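Order of writing sets the labels: A, B, C and D. Residues in every chain begin at 1.
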Amino acid sequence: MSLMLNLVLLVFLLVMAIAVLKTKHLFAMAMLFGLYSLLVAGLFVVLDAPDVAFTEAAVGTGISTVLMLVTLASIKDGHEAVSTTQRKIGPLIICLVMGGLLIFGTHDIAKLGEIHSPPNDQVAAHYITQGQAETGVPNLVTAVLASYRGFDTLGEVTVVLTAGIGVLLLLGQRRKIHVKKRGQAHDDQ
Amino acid sequence: MNEQLTILLVVVPLMIAPITALFKSHTISWILTAIVSLTSLILSFIILFDVIDGSHVIYELGGWRPPWGIEYKIDSLNAFIALIVSAIACLSTIFAWQSVPKEINENNYGLFYAALQLCLLGLLGIALTGDIFNLFVFLEISSLSSYALISMGRSRKALTAAFSYLILGTIGATFFLIGVGFLYAASGSLNIADIATRFSTFADMQLVMTGFIFILLGLGLKAAIFPMHSWLPNAYGHAPSVVSIFLSATATKVSIYVLIRVLFDLYPVAYWQALLLPQILLVLGCVGVIYGSFRAWQQVELKRLLAFSSVAQIGYIIIGISLLNNDGITASVMHLFNHALIKATLFMGAGIILYRTNTTKLSELRGFGGSMPWTFAAIVLAGLSLIGVPGTVGFVTKWYLLSGAIAQGKWIVVVAILAGSVLAIAYVWKIVEAMYFNSKRKMVIQNVKIGDINLAKAPFSLSLALWIGAAGCLYFGLYTELPYQSAQSIATALLSSEVAP
Amino acid sequence: MIEYILGHINYWFIIAVMMVGLYTLISRTNLIKKLAGLAIFQTAVILFYVSLGKVTGGTVPIVDEAYTLYSNPLPQVLMLTAIVVGVATTALGFALVIRIKEAYNTIEEDAIFTLDQKDHE
Amino acid sequence: MMINDLILRVVTKWLSPIIILFALYVQFHGDYSPGGGFQAGVIFSTAILLYALTYGLDAALKVIPETALRVAASFGVLLYGGVGVVSMLLGGNFLNYSVLADTPLAGQHIGIIVIELGVGITVAAVMILLFFTFSRRVDPE
């Protein structure tokens, strides 16, 4: 049952991804992208990952889409130019090769939902059997996130801070002149 | 040695960078950065001397035993890379004192230095960790901060360079993540040592091979290995001087370090020998050396010339890895150190030129050598090291590389190294010729009001940093003990696993 | 055979989405489009990881006496981190796009390239 | 960016505190149900985002000044790292929460709550900061 639901959502997801690729209207693309994230969040729920679903819904549909819209509002350029020199063949070949390679790799992957697969049997088994006893936290995701792999999470928070610092470095200053003419923004300002 | 020192190497920048971000004053943020880089240097020295005999220090983060928790397992290679990174950070910090106020907007000093410290933190984190996902997290810290740092260059091209680096760097990191995922699907673990010990139980799965290919592609992009180098010349060519110095000397080196770890410690050597990877790397390395040197020779702008020369130098390191013998690995590891030193020195030279004349176009630099003999001399010294003249650091590497290649009868390598050296002579000569022999007219200071006292001579801190670098090129060329001993210990450790003859 | 397909078809779809994202990223010249492609690419990778931890008949990994079989928490934890990294990268990318638009007055890669070529001459 | 719509304004006035309350629930109940610092931080930031979208950026900046946000962003990381440093001072390894209290489990409990708070503060602050910085670039037309 959940497998069917999973498949249906994946089909929608693929359609949405192609829609993002095809649309020329960037505001519409932002909306489609938000929908795509929402679908992914739904998939995470089906895959028993509510923590990830929660985050994806808040970040993908929330923050990312809002930032995309604000960026579009700020650059006032709602359309993708119809490019004459668009490269198509090269990227297509790269993607087909990469995709083929990945499908080749998934040949001997444990099938979806397999109870005794290496990812579930090795390290993770310890978290499930001992996690609550060792950390006192019933939510094992929190237990692993905050304690067993707490250093990763520290790194993650640092990544957030780094992004904040980076954006402030780039956009922190108020603009001097509103629209620069082409020549003015030259190399040696 | 107290093993808590190992984690301090990461904790110090982690705790000081957020504080630095809050200050606007240049002096305070510079002092904080100086504290961070100096403590890192001292700590990595202590750790290196502790593990240089082939032992290792294990540190369990959070007190959890691996593979459930994240562990640091530090051997001489980890410590050596940490030493390179923090030594270059110290040099860059000295250089920053007078160059940052000129190149960075005055409201951004604190943020800029904080980003620099975060980049250092990320690189140190990569260099120390023994957990492959933790490595990804720190890789992203260093990458995100370097995108921001590169975009601070003064030309608008810095923005596009940073953007294309962001795109390619993220593709690289995501490929790496896919590879780690495939490996995890097969092994169920993220700890490098744990995966390595159980490798034979899942060695023949297709998952493992695909994972390997994607990890290699990702790291190749990050390390700018030919032909995946396209982001590098623009990124390092347009970044602010301090950033060029720091990143050109460390960022690609750390990615190559990860490559070495993956090739020798994560996957068994026999596994990728069967995939013909040594041959592939050998060819890529040789082509990279010749292509990079040739493109460097074509350039008309000093910083881009140096950036292309980096592509060639990465080629030498790859050749050394592909030889799979003691001399080859020793050469590669030593070249990580030597090239960091040489390239940092040359970029410092370029930074001083930029500081004084506001240009790094070779055609506009005529007569520069005459008006600044000392800076010019340092650049020439580092240039000679790049060529590999005896008595400089570059010679040591090429010597071991050649003897490693000859021992294996790989004459193509000998040809590539000689051709690379000839081209190196050509492009170093191009710099010398542009700066010295065309000195018919006096140096022109571009776009600067007449009588600007600051630009009359090279500021003290810039010259100091430059000369420390140049002296290093000479010193480590004559007294090779420290890098040689470390490299020997590293090569022995790496090859002690199994190598088919 | 059918069992093989049913066990793998999810991964194939995820790979297909991944490649659509990658294709958007490398074939389009519009910088915003590129970033959207990048986000799709990364999200598909995240989906791949989370799928690894799914256990048929298992529940959400929150320990409760009523259940004995749980999904694998580890991929979920890793992907929480990856989502954050993804949004951090996109935010920085958007900031760069705004600055590029101000400096070049375009967000099309080939137009920027032409402008850069002009600078060289 | 101010919107003169009475319904929207009233709804926002009522909704923002509820969202913040929900964020706090997600923050402190993350041990037992889905959620945690990161999710809470993002949800908290959406409350401010909503406020800024209806009442304008300046009004939102009056509620939370930018300096406060910058300090908070750094403070979260320092809080997290601080827990690690304290556990080092108490004789454990970095981030070993077990040494923070008399029994390991109590120590883990304190440690996890504090670091999740650190995550929440930094994430909320940076997300709001991102939105403010970006939307300042939009010309008021």
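As a working rule, contacts are C-beta pairs under 8 Å (C-beta built on N, C-alpha and C of every residue); 3 or more make two chains touch, one makes a residue touch a chain.
A quick note: this is a predicted structure, and the numbers were derived from the prediction, not measured.
Counting contacting C-beta pairs between every two chains, the top pair is A-C.
Rounded to whole angstrom, the centroid-to-centroid distance between subunit A and subunit B, based on C-alpha atoms, equals 29 Å.
Computed centre separation for the pair subunit A/subunit C is 4 angstrom, with centres defined by C-alpha atoms. A separation of 21 Å divides the Cα centre of subunit A from that of subunit D.
Shared contact sites, meaning residues of subunit C that touch two or more other chains, fall at 22, 52, 60, 62, 75, 78, 80-81, 84-85, 88-89, 91-92, 94-99, 103-104, 119. Residue numbers of subunit D whose C-beta contacts span two or more other chains: 32-34, 38, 70, 73-74, 77, 81, 84, 94-95, 97, 123, 130, 133-134, 137. Shared interface positions of subunit A, i.e. residues touching 2 or more other chains, are given as 50-51, 55, 59, 63, 67, 70-71, 74, 102, 106-107, 109-110, 117, 119-120, 123-124, 127, 138-139, 141, 143, 145, 147, 149-156, 158-163, 166-168, 170-172, 175, 185-187.
A complete topology is adopted by the chain contact network, contact being made between every pair of chains. Residues of subunit B touching subunit D in their complex: 4, 7, 11, 14-15, 18-19, 21-22, 59-63.
Interface residues of subunit B, counted against subunit C in their complex, comprise 133, 137, 140, 144, 147-148, 151, 156-157, 159-160, 162-163, 166-167, 170-171, 174, 177-178, 181, 184-185, 190. Interface of subunit B with subunit A (complex): residues 14, 17-18, 21, 61-62, 64, 67-70, 105, 107-108, 111-112, 114-115, 118, 121, 125, 133-134, 137-138, 140-141, 144-145, 147-148, 151-152, 154-157, 178, 182, 184-191, 194, 202, 205-207, 209-211, 213-214, 358-359, 446-447. Listing the residues of subunit A that touch subunit C in their complex gives 3, 6-7, 10-11, 13-14, 17-18, 20-21, 26, 29-30, 33, 36-37, 40, 43-44, 47-52, 55-56, 59-60, 63-64, 67-68, 70-72, 74-75, 77, 80-81, 83, 85-88, 90-92, 94-96, 98-99, 102-103, 106-107, 109-115, 117, 119-120, 123-124, 127-128, 131-132, 138-141, 143-145, 149, 152-153, 155-156, 159-160, 162-163, 166-167, 170-171, 175, 179-180, 182, 185-187.
By the touch criterion stated above, subunit C contacts subunit D in their complex at residues 60, 62, 80, 84, 91, 94-95, 98.
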